[in-house]
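Some structures to go through are shown next.
Both complexes shown next keep chain A, but they swap its partner, so chain B is in the first and chain C is in the second.
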Partner chain A sequence: MYKIILGCLVLGLNISNVTGQKYFTKTGHITFFSDTPIEKIEGHNKSSNCVLDLATGKLEFGTLIKGFQFEKALMQEHFNENYMESNKFPKATFKGQISDFNKIDVSKNGKIPVKVTGDLTIHGVTKKVATDAILTVVNGKIETNANFNILVADYGISIPALVKDQIAKSVKIKVNATLEPFKS
Partner chain B sequence: MKKYFPYILIIIVSLGVVGYNMYNKDHKETKDATSDVVISPKELLAIYERDEVAANAKYLDKIIEVKGIVKEIHNISNGGSISLDTGNEMASIICEFESAAAYANVKVGDEVNVKGFCTGKLMDIVLTRCSL
Partner chain C sequence: MRIFSLLSVFLLTFSSFVSAQEDDLLSLLGEEETTDYTNASFKTNRVINLHSLENTAEGVLDFKISHRFNPVNNGFYDIFGLDGANIRFGLDYGLSDVITIGVGRSSLQKTYDGFVKYKFLRQSTGKKTMPLTAALLLTSSINTLRWENPDRENYFSSRLAYTTQLILGGKFSESFSLQLSPTMVHRNLVKTNAEKNDVYALGVGSRLKLSKRVAINGEYIYVLPDQLSPELYHSLSVGLDVETGGHVFQLHFSNSQSMVERGFITETSGQWNSALDGVRFGFNISRVFTLKRKKLD
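Up next is the complex of A and B:
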């Protein structure tokens, strides 16, 4: 008898893992900033994917490089053709882990500071990144916010000497995504 | 030398103007442009699912025109997007607009004709700088 109960418990756990633990969005907003005294460049992608599994703390992002929109057409063209080579590398991805995911409680509203580490792949190059992030629970949804800097050179992107004053060596990446419970 | 001076000045100024215009050139808009490809959402997804690399080679940066049923509307700060049904629960065609006013009259369930630049596929295929 107790085997059946145990079986049910295990099954029950599995079911609860499958439903209600994954949060996701297809409209995550990722912003790229390159700030120098000569020129400020920023690009916005508003259709990034993000999946967070609360059972494991795994966090994944995906974004299309060509989806980044810039104020000036020429910036967008250079970003795609000269630096990101987006025909060759159309996507950037992040696969990471929230270290202290056990403290995420979606049943009550509030801000939860967390640490995220993982692999960021841009321009075909994968590097480890670590950042602080803030998760904000609002009525069962989880808003994720993070800011971090990456070195352009780390991802095999070289900046020609001619424009080295216009483009920052270290660019800021801002992530903002509101995740909703995944309904399958 | 002095008589050439006005000509030299004209050349310098016109080079400056050309350079400035190149730097500030406008984004290519989809509104009045002719579509490179007219395809159904379902067919576009099927081509991407068959071979993503080949599909990217064929469609990236091209103006794609799709006609489909609006499944979802996402309002984001400065614009937003609508998703068109492909028949697949998990994958739609996301059409991003630069201003929310452009799709203000669109409701879920409407059939719309959208033009946008193909940027590739994540879970969904994303078209940017769309127009109706």
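Up next is the complex of A and C:
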């Protein structure tokens, strides 16, 4: 009897460990691209935080605006000073949910296409976004990849007439993060 | 026995229920403290004539075209001074984010100048907190006019002047920056016995942002008494910075004609009196070129 209970307990713990496990990274790579015929601008942030809860399918990203790197120093200065106002709004976050999460089996290696919806907060403005994403399971790690576009104007960022040909109205966001099991 | 197993099942479900209720996943990772360096205290590396706290970023070339026109009180005949100008062309380059070098040529006294600027403290908050930015500026200038009196014995060294300046200050709010620039100008040759070869001065420069792309700048240079001849004045300049993407336009009024330290600190002849004797309109245009791009992937 004891053995059975003990077995149940161990099994129960194991199950809760697998299904309730969280995956995370602190080195998620987020890139944005603004492409116009006159100027191509890209910003890279390689220290974004991300947590995925396998029990619920909740997915969250957090990234510091000042952590974006550009190939030109002036772009970086203008990005922080004139557009993102990173002193006032130091962080961008995404709080979302993977839909139909129950169908996902992360115990085997492979690619799993998913849909993610959630709230994206940039420059103090929160908007709903929805995107297709791909989860790739590789030896116990989960790589997440997504591409989507957002409108700069949606987030209260105005582009002055003088530089309207240099900055795209719709910028592409690319997310790539490899998540590892979280041990608390 | 049964109660015990029920209890354990209950506990297990409860614990997984609790963990599923967590609504801020990111807080699990905690806040990692980073050092946040203050940027863009001024729009360019000059306040007006004075060097500002800012450096030219690594790999960036800053081409400057600056004019100081004739005195405004020359009146309409001289179209308020616009008929004539002292012109300086300059090139500043960022060897690293903290070391800038530069050269320039002014039409006034056919002067060549060069400088090295080293930022040894950077204002920052977060993990590493530093209330001020501090930089050391060394400049020199060579006047290359033909000798006034070629018959006497003239020395090349007489043409030279050197400036040592400390720049201390910071960006104290999003729109307000302030700096102090204690300065020593050494002139190898001065005109009269009454003038000192070493001149001590204290510059003050400030920036007030009016919008994201427009700011008011002002600077004043106090020269300690009994060092210059009495017909010379302290340099005072006020102006606007307008940023348009790759360019910064600085438009201003100043009682100094020269754009090199020796000139605007120790040879300012204009004065801010009611007649605006010798006050001039001028501008600096700064255009940056990124010669070395940061590697990204």
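One rule holds in what follows: the second predicted complex is superposed on the first by the 165 of 184 C-alpha atoms of A that agree within 3 Å, B and C clash if a C-alpha of one lies under 4 Å from a C-alpha of the other, contacts with A are read in each partner's own complex, and residues count from 1 in each chain.
Operating definition for what follows: a contact is a pair of C-beta atoms (placed from the backbone, for glycine too) under 8 Å apart; a residue touches a chain by one contact, two chains touch by 3 or more.
Bear in mind that the values here come from a model prediction, so they are computed numbers and not experimental data.
Three-chain overlay on chain A, with chain B and chain C in a clash. After overlaying the two complexes on the shared chain, residue contacts for A:63 are found with chain B alone; chain C is out of touch.
Of the two partner chains, both chain B and chain C are touched by A:26. In the superposed pair of complexes, A:141 makes contact with neither chain B nor chain C. In the superposed pair of complexes, A:162 makes contact with chain C only, with no contact to chain B.
By the document's definition of touching, neither partner reaches A:174: not chain B, not chain C.
Shared-chain residue A:53: touches chain C; no touch with chain B. More residues of chain A lie in contact with C than with the other chain of the pair chain B and chain C. Superposing on chain A, the segment of chain B with clashing C-alpha atoms against chain C, chosen from 4-12, 22-30 or 94-102, turns out to be 22-30.
Looking at chain A, you'll find residues 26, 44, 49, 62, 64, 66-67, 69, 72-74, 87 touch chain B in one structure and chain C in the other. Within the complex formed with chain C, the chain A residues making contact are 1, 5, 8-9, 12-13, 16, 19-20, 22, 24, 26, 42, 44, 49, 51-53, 55-56, 58-62, 64, 66-67, 69-74, 77-78, 80-82, 87-88, 93, 160, 162-163, 166, 182, 184.
Contacts from chain C toward chain A in the complex involve residues 1, 4-5, 8-9, 12, 15-16, 19-20, 22, 24-26, 28-29, 32, 34, 36, 39-40, 57-60, 94, 174, 212-213, 244-246, 288, 290, 293-297.
Against chain B, the residues of chain A that register as touching in their complex are 26-27, 29, 44, 46-49, 62-67, 69, 72-74, 76, 86-87, 90-91. On the chain B side of its complex with chain A, the touching residues are 22-28, 56, 60-61, 74, 76-81, 83, 94, 96, 98, 117, 119-124, 126, 128-129.
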